[in-house]
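Multiple structures follow.
What follows is chain A paired twice: with chain B in the first complex and chain C in the second.
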Partner chain A sequence: MAMPVAAMSRLAWRNLWRNYRRTVIMLLAIALGVWAMIFMTALMRGMVDDMVQQGIVALPGHVQVHAEAYRDDPSITHSLPAPGKAMLEVLESRQVIAWSSRIKVPAMISSEYENRGISLLGIDPEGELALGFDPDDIVAGQFLTDAGDGGVVIGRKLAERLETRLGKRVVVMSQDPGNTIADRGFRIVGIFKAELENREETIVYAGRDVVQAMLRVGNDVSEIAVLGHDYRTPEKLAADLGDAAAGFEVLSWLELDPYLSTMMKVMDGFVLVWMVVIFLALSFGLVNTLMMAIFERVREIGLMRALGMRPSAIVYEILVESLMLLALGLLLGNVLAVSTIIPLKSGIDVSVVAEGMEMMGASSMLYPVLQWPDVLLANAVVIVLGILTSLLPAWRASQYRPVEALARN
Partner chain B sequence: MSAIVCTDLCKFYQQGDAVIKGLDHVSLEIEEGSFICISGPSGSGKTTLLNAIGGLDSLDSGQIAINGERVDLLGKAELADLRLHSIGFVFQAYNLIPVLSARENVEFVMQVQGVRAAERKLQSMKILQEVGLEGMEDRRPAQLSGGQQQRVAVARAIVSQPKLVLADEPTANLDSQSMEKLMAHFRELNEAHKVTFLIATHDQRVMAWADRRIYMEDGRVTRDELQ
Partner chain C sequence: MTTKRQRDSAFGLSLRLAWRNIWRQKRRTWLTALAMVFSNVLLVFMISLQLGSYDMMINTTLRMFSGQVQVQRVGYQDEQKMRQDIAGVGELASTIRSRFPAASVAARANAFVLLSSEDRSFGTQVVGVEPDFEAGVSTIPGLVADGRFLQDPGAAEIVIGGVMARNLKVAVGDELTFLGSGKDGSFAAGVLTVVGIFNSGSSDLDRSLAEVPLGYFQDAFAMGGSGHIIAISTAELGGIADLMESLRAIIAGGDELVALDWEALTPGLKQAIQADFTSAWFMYAVLIILVAFSVLNTQLMSVLERTREFGVIMALGIKPRRLALLVLLETFLMALIGLVIGVLLGAVVAGYFGFAGFAYPGMDELAAKFNMPSVIYPSVGPVSLMLGPTVVFIFCLFAAIYPAVKLYGLKPVEAMRAV
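Up next is the complex of A and B:
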């Protein structure tokens, strides 16, 4: 016999509202749980995304090419020549948004009062901007004009440490490939700010041609940084560059920053665990509600069995009732989550815990990231686990013997 | 042909140290189209017998066959199908579904049977009119009196014209006039469609409508007489 779907669905809907207050309380509980699943996930996604983006800006790029030993000893000794024809073909292909070759060496910077260890970046400003340097981060002066610019741009924090300011001269000192001291005086032409204080304190930008001349390395560079289209999938770009740059080390940011890549990888699993934990708390309420609803109408269940409903139809009715409750709760929860996340798209100021955020590599503004797969996952978790949780009460209801159920008060 | 054959039915209940005899070796043959009343004091086994024949309760021993089909051997799903398509129940307590209106309660069995909506509506309105509930179709059970609820339960039991109607005190909450009308309706169905009626009752006025009367006491059939 076919399942009496319409009859049981109507009955389920009516039964859902016979104890109005209990249903509303359960709906609110489900909605709140779903809201927590989606909202907290959006916050966590936002934080991890920010950490990854900050990390990629700091690297910079999704893929980098270095001399084989550069990562163990990032001195100018381990440099690589300007890209050849094969590599240029990949760099100019559609999978690359921007690229830039840069010098990156450890150096010492001195003002008239203080000196500090830094990373000296010899850059082509045009390429650096394309890789993600935000010109709005220049808080005083200007960014370098071209690779031959004779000035330096230092971080706000470093300027404080060196007790220097815009327009002052500093001396930058490093070693050339012959391990001879190479130094040069630079005028500070710009001061930048960064989300991470560490960047403000340790990064110094200078024109690439000027630094190459100072270090006496001709056209050699320390690294080629390449920006692809999606930071989540840099593997193909890295593989193509690896084929074109034989003899050099080509690594994606996933390998260059294993901490961040691990964070990103465990995020999906963490989100699922988070959602399941919230659901487990919810499930007690759901089972309790269904059990109460069933105990209240044992006699009716006996009647339906007596009138010719199969046990499977009773299971169906209870499951549909549960499904309706879950679906309404999900609808409310989704609306609540989306309507609280969208107004916060411009960011949540968490500067009161800025130091802790910085320790994790995240900025003091938290931008919730609403991903539809996360919303779908939350809905799927609630529906699938909700139905599974409802199976026990539904099965129990179907097992009542009609004559005993009818005798209940 | 016998519609129902009960052979040596036994059903005992343990109550503390005492054993209550619900059915004590009851054997009956009921012809198709019979109109039978079962009478006896409370606890005599009338309801137990109806429940056993309808497959609502299991037996300790014995056999029941309805139209040649062994009820005591059927599984839960097959029993449900048998009740759905062949048996109409009227219970002692009216047992309506409180979230459905009178008409929806009457239509419920037909809906489960798969009868089309238009046909269901036609049949249910007709039967509700016949039991005197015209204009009350959309009322929920809580908005009906006890007698009215019982009439809805009766309408539900007979609306799809089952082969067998098992009625347990169907007139308990009805006034004399309503009782007479209901019994007349039962009789009409019985005669026109050969529906077999098995009615448990205390009411001598109901007994008067029967063409066979069975008396029970302590789970046994003490008298079985034709009118």
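Up next is the complex of A and C:
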């Protein structure tokens, strides 16, 4: 005798609420578990996203072109010429949002009181802004006006360390390709702030043309930074540029910053592990609840069997019951998760541990990021593993012998 | 009036009753206990892993270079200006050394210079160190892979990191020139012979650390007898608090000196640990609450299904308080089973990895960022073993309060009629 689905569902639904306390407690547990899965994942995604975005702004760009030996030995001798025709074709194509060629060499900066080792960046301000430099980060003065600007923009922390300020002069020393010391005086025209203190201390922006003249390198640069559309998929852009820039090293940020790309990869694995662990903690309660529900109804199940219900129908009924419980818990958990994440969209202030976050490469605001694939994954984990876990109690229930079950008290 | 003996035997009876009660539903009890065991094992493992990795982070960072405690001029930690110096740094270091024979004490001075070889120039920091004492506070002298560490306090010699040597394209025996300014703003320059190259494994230090003898440093940078830092390390970590206390007394008379411990020296490290610990506890809390729900459900069911039984007992004159205690005692026993098995299993798992080391794919890259080896050895100790399981235990007892309290509302006559 096959029972119609509607009747079966009604039976399961009523059974579920026969002991409403037990069901409510289990529902709360599932909801809490699902909430934790989604909420925690959103926080971690937010942190990693933030780290990656910061990393890309710092790099900058999704793909960079260097001379082969530059990354191992970032000296001005390992430079590359301005992009040729083949490269320009890719750089001006639609897959590129912005690009800029820059000089980046180790240098020393001196004020009248102090010296510091720095990274001297010879940039084209227009390109730098397009690559993601935020003009709001300039806290005093202004950003460079063009590649021929004779001023420098230094970080807030560096200005403090050098005991200097806007409008003062500093001397920057580096070496030219012949290893002669090249130095030049600059006026500080702007001071910038950065999320990561380390940037404030070590990055100095100067006009590209000025730096090229100072280092006597003609039109050569250290790197070409290229911004694509999606940081998640820089491979195509890197491959196209690689074809166009034969003889040079073309790498995406995934390779340029192994810490970040590993972080992103590890995070995917971690999200899944976290969800499964939470589910396992839930599963004991789930099995227990179902076991108890069945145990109380042994006689009833015996009667149904005696009346001709197949064991498969018993399994089916209990699975439907479990499915209803899981679905309700999921609904509650999802609503709870979304309604706690949305109010936090504007960020959670974790500046108490700002320096610790900086060490990990993250900023002191945490923005939860709700990704639908993660929500889907959480729901899938609960439903699939939940049904699998329910199979055992359901199967056991179907194995009672009608006569013995009826005789049970 | 009940005598003590009667009370004892009453408790013994309750205990026996509780023990028997929890085994009336074997499967349910085991499932509930297993939920506790699961979370306990996980907590023991995770907490010992965390503590193990924190130990390693702190140790590698402090032992490699900074030392456990530093004496500096007030403000130097933040501003690192050359003139924020400690006058007579060598004498002060000697004083501290004679007061704490068990500790290693070494004076240092810092300056930023442009360091040039024949082919390359880099802006970097050079540190003036006392060759005789530096090895006590830093592992760098022992990590010199090529050549030797500094010996003569006045020699024009320099020891640099492997990455810096590669970048400067120099080997042991080559010469480096430096260019910077002295404490008084004067021009400071000189020629140094590379006598040693170290490989610390920390890319930061290998790239940016250069050490010269303190005596030479003081001459070259017009420092007189002064320096910037006195680094102090002791073998036993427990003695740090005492050490700090006495240090403060020693330097109290001096010109605005402070003693900084590792938390002040490396605030990033401390906060990274805090952030990690907090986020981890958020996860643990969820796990623990889920287990508590499981216990709540079990105990509530076990109370509800015994309504009739409890009705009879109450009709016989037993107070609800005794029954509530019985339910709590049952939970206590169940939680104890979960605790004991969980801690034992957890200790085995954590102990195994403590011996074999624990690593996951991708850890190389992540560990490098924090100066850590790419294998973590969980630290198994009383704290890592008991902290998590104890919290689980307490929460499980809390979970039993609601079912226990429900008993107070029980009316014997109605209860006996209940299904």
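One rule holds in what follows: the second predicted complex is superposed on the first by the 405 of 409 C-alpha atoms of A that agree within 3 Å, B and C clash if a C-alpha of one lies under 4 Å from a C-alpha of the other, contacts with A are read in each partner's own complex, and residues count from 1 in each chain.
The criterion applied here is as follows: a contact is a pair of C-beta atoms (placed from the backbone, for glycine too) under 8 Å apart; a residue touches a chain by one contact, two chains touch by 3 or more.
Keep in mind it's a predicted model, so treat the numbers as computed, not measured.
S.K.: Quick check on the superposed pair: does A:Gln371 touch chain B, chain C, both, or neither? Answer first, second, both or neither.
M.R.: neither
S.K.: In the superposed arrangement, does A:Thr340 touch chain B (first), chain C (second), both or neither?
M.R.: Neither partner.
S.K.: Once chain A of both complexes is superposed, is A:Val403 in touch with chain B (first), chain C (second), both, or neither?
M.R.: Only chain B; A:Val403 stays clear of chain C.
S.K.: Could you let me know whether more residues of chain A are touched by chain B or by chain C?
M.R.: Looking at chain B versus chain C, the one contacting more residues of chain A is C.
S.K.: Considering only touches as defined above, state whether A:Ser9 meets chain B (first), chain C (second), both or neither.
M.R.: It touches nothing on chain B or chain C.
S.K.: Contact-wise, after the overlay, does A:Arg305 reach chain B, chain C, both or neither (first, second, both, neither)?
M.R.: After superposing on A, A:Arg305 lies in contact with chain B but is clear of chain C.
S.K.: Per the contact definition in the header, classify A:Val277: touching chain B only (first), chain C only (second), both, or neither.
M.R.: Once the two structures are laid over each other on A, A:Val277 reaches chain C alone.
S.K.: Given the touch rule stated above, what does A:Pro258 touch, chain B (first), chain C (second), both, or neither?
M.R.: A:Pro258 sits against chain C, while chain B stays out of touch.
S.K.: After the superposition on A, what does A:Arg18 contact: first (chain B), second (chain C), both or neither?
M.R.: It touches chain B, and chain C stays clear.
S.K.: Considering only the defined contacts, which chain B positions touch chain A in the complex?
M.R.: So the residues of chain B touching chain A come out as 51, 54, 56-58, 76-77, 80-85, 87, 89, 91, 95, 97-100, 104, 108-109, 111-114, 156.
S.K.: Across the complex, what residues on chain A touch chain C?
M.R.: 19, 21-22, 25-26, 28-29, 32-33, 36, 40, 43, 72-75, 77, 106-110, 112-118, 160-161, 163, 173-175, 179, 181, 258-259, 261-263, 265-266, 269, 274, 277-278, 280-282, 284-285, 287-289, 291-292, 296, 350, 352-361
S.K.: Considering only the defined contacts, which chain C positions touch chain A in the complex?
M.R.: Interface residues on chain C, with respect to chain A: 27-28, 31-32, 34-35, 38-39, 42, 79-82, 111-114, 116, 118-125, 166-167, 169, 179-181, 185, 208, 267-276, 278-279, 282-283, 286-287, 289-291, 293-294, 296-298, 300-301, 304-305, 360-366, 368-370.
S.K.: Enumerate the contact residues on chain A facing chain B in the complex.
M.R.: 1-2, 4, 6-7, 10-11, 14-15, 18, 299-300, 303-313, 401-403, 406
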